[in-house]
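Chain IDs A, B and C follow the sequence of writing; residue 1 opens each chain.
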């Protein structure tokens, strides 16, 4: 499925935006799917799955089974979504478990390490998850905004701004040009709108977007 | 008293007497281990470990002395019968080329620990770092084995105390440790374990000093053993090893920068020569 | 494309000087031709004068960095001293060979000063075969280029300042000829007295 997501940090906030399409190959089946998940009051992620049957490491990505069995489970498009949604559910519930056990939220940095490790272990398993994600969070202890890009191999990059999916082809250069370390929230929202505009202008695929902003107040929806 | 459930069977009280183990090497050592039962008396001591320590207390005296240029490990190896072929049994053993070990207590338990120590030196250290473990690390590994035998079901503690001496390449010094059945270990300058350990230690306290050389240490060890041995001291009924300078000739090959083993057993002739000079 | 060693790109190099060593890496993290991050360092300090460089598949670089950080810290606690570079090299070798039939796709290098300040460098293949070297060790997608620049620039017994210049020029000129490496560089020069870390400004294209 074609995905497109963005993340932009400022000094004390992170914006996350994701497309809302779900489908398979060139077919769009849904255009109001929420692909941003709030994990805790200061943490959220935008996620997407990799299109294609196999990963680069040559392992079969989807759960095993004949095409007949796949049909019984509800079709291939669901299979891919289940892959990504399963993983995000798993992450969300483990972070919640941590919060319950320790009576404290995991900060963005250790949360990113946990998610990375899960994906790094998964890629060497029999049926790896095919999830790319942008993790945004506000670190209340250090009063810092964090953005992590984590791919399906478990490759983690700490970035000031990032794009994933088809957005990398058209929006990264926009971000390179307009982002600067002291960018204000309004400017960041404008930058995000520029990126979305670029996607609509240059990509053949028609995306709709939803977005959030994370700061010390928590996670809020951001109307675009 | 605590009852331990082992498998499907709960044991109320089973005692297993392991009498006269060690054959002729250990004289009349009676060691009782309580099988599957952890007993604590009023003072909070684990009686199984007390029994094991009793086994050690009745064992043949073993002595170890550290000096500036080496360590000597010495013990008696007496044959109770002229019919016994005694020269094949060894009571001081090489663990790594730079570490030796001797004991007081039950011979069979010692041999098990020698096997385990040699194997641990490789699996937990040499096969990972391509170098032999320092003395302290090896001692900790052995102590771990002995401690675990005090806390596991179905087995008894080891009926030995060990003297482990060796050379540490990192601190470039010789180190000597005693390991007890409980898994406790102590670093020593010189010590004795076994039947006459108390008097031997008193003797060592008088004779040990910082300027001791290896030859003096061997001399002191022989004098201390003389006190605890009933019959005549001969090279044939003593087991003495030293850990000192690298023994290039016992490497078996020449022309490399590989250092030879520092552990060396003294032959009966060498011991007799030293006894003559006593 | 499917070669795990050249998905993310990156390069590292180590050199021996007179009573000193230097180890350096680029800071690019890519996804094939796309540059993802310019802050991805590949050289990690394991002790006062001991360094580990990891290039290859970035996820494995991170995984192994954490694995060796754990093993190194446990070693320090157990032995109450730091690991010698030679010991670290053997640990890296055995750790990689444990994954003989499902390896981590990395080309590690180790550099440091041993007991008495003895310079030590070495490299490994992905399953832990050690390549001991007297002069220099290269690794990463720019390793071919690094061999060229090192062969022509290196000379034995360089003083720390000259060694810094040599290793920096060797790395910079090599990564400029490799599309998957570059985007910044970090150089460590290690002597018995001190460790100097320098961040190099490179071309950002």
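FYI, a contact is a pair of C-beta atoms (placed from the backbone, for glycine too) under 8 Å apart; a residue touches a chain by one contact, two chains touch by 3 or more.
Since this is a predicted model, take the numbers as computed values, not measurements.
Chain-to-chain contact here is organised linearly: an open path runs through the chains from one end to the other. Nearest to the common centre of all protein CA atoms is the CA centroid of chain C. Relative to chain B, the chain whose mean Cα position lies farthest away is A. Centre-to-centre, using mean CA coordinates, chain A is 62 Å away from chain B. Work out the mean CA point of chain A and of chain C, and you get 32 Å between them.
Work out the mean CA point of chain B and of chain C, and you get 45 Å between them.
Remark: chain A residues 56-58, 116-117, 119-120, 123-124, 149, 151, 153-159, 162, 168 touch chain C in the complex.
Only residues 127-131, 134, 137, 170 of chain B touch chain C when the two sit together in their complex. Chain C meets chain A in the complex at residues 1-2, 4, 7-8, 29, 31, 34, 36-37, 39-40, 57-60, 62-63, 102. Note for the complex: chain C touches chain B at residues 78-79, 81, 87, 90-91, 93-94, 115.
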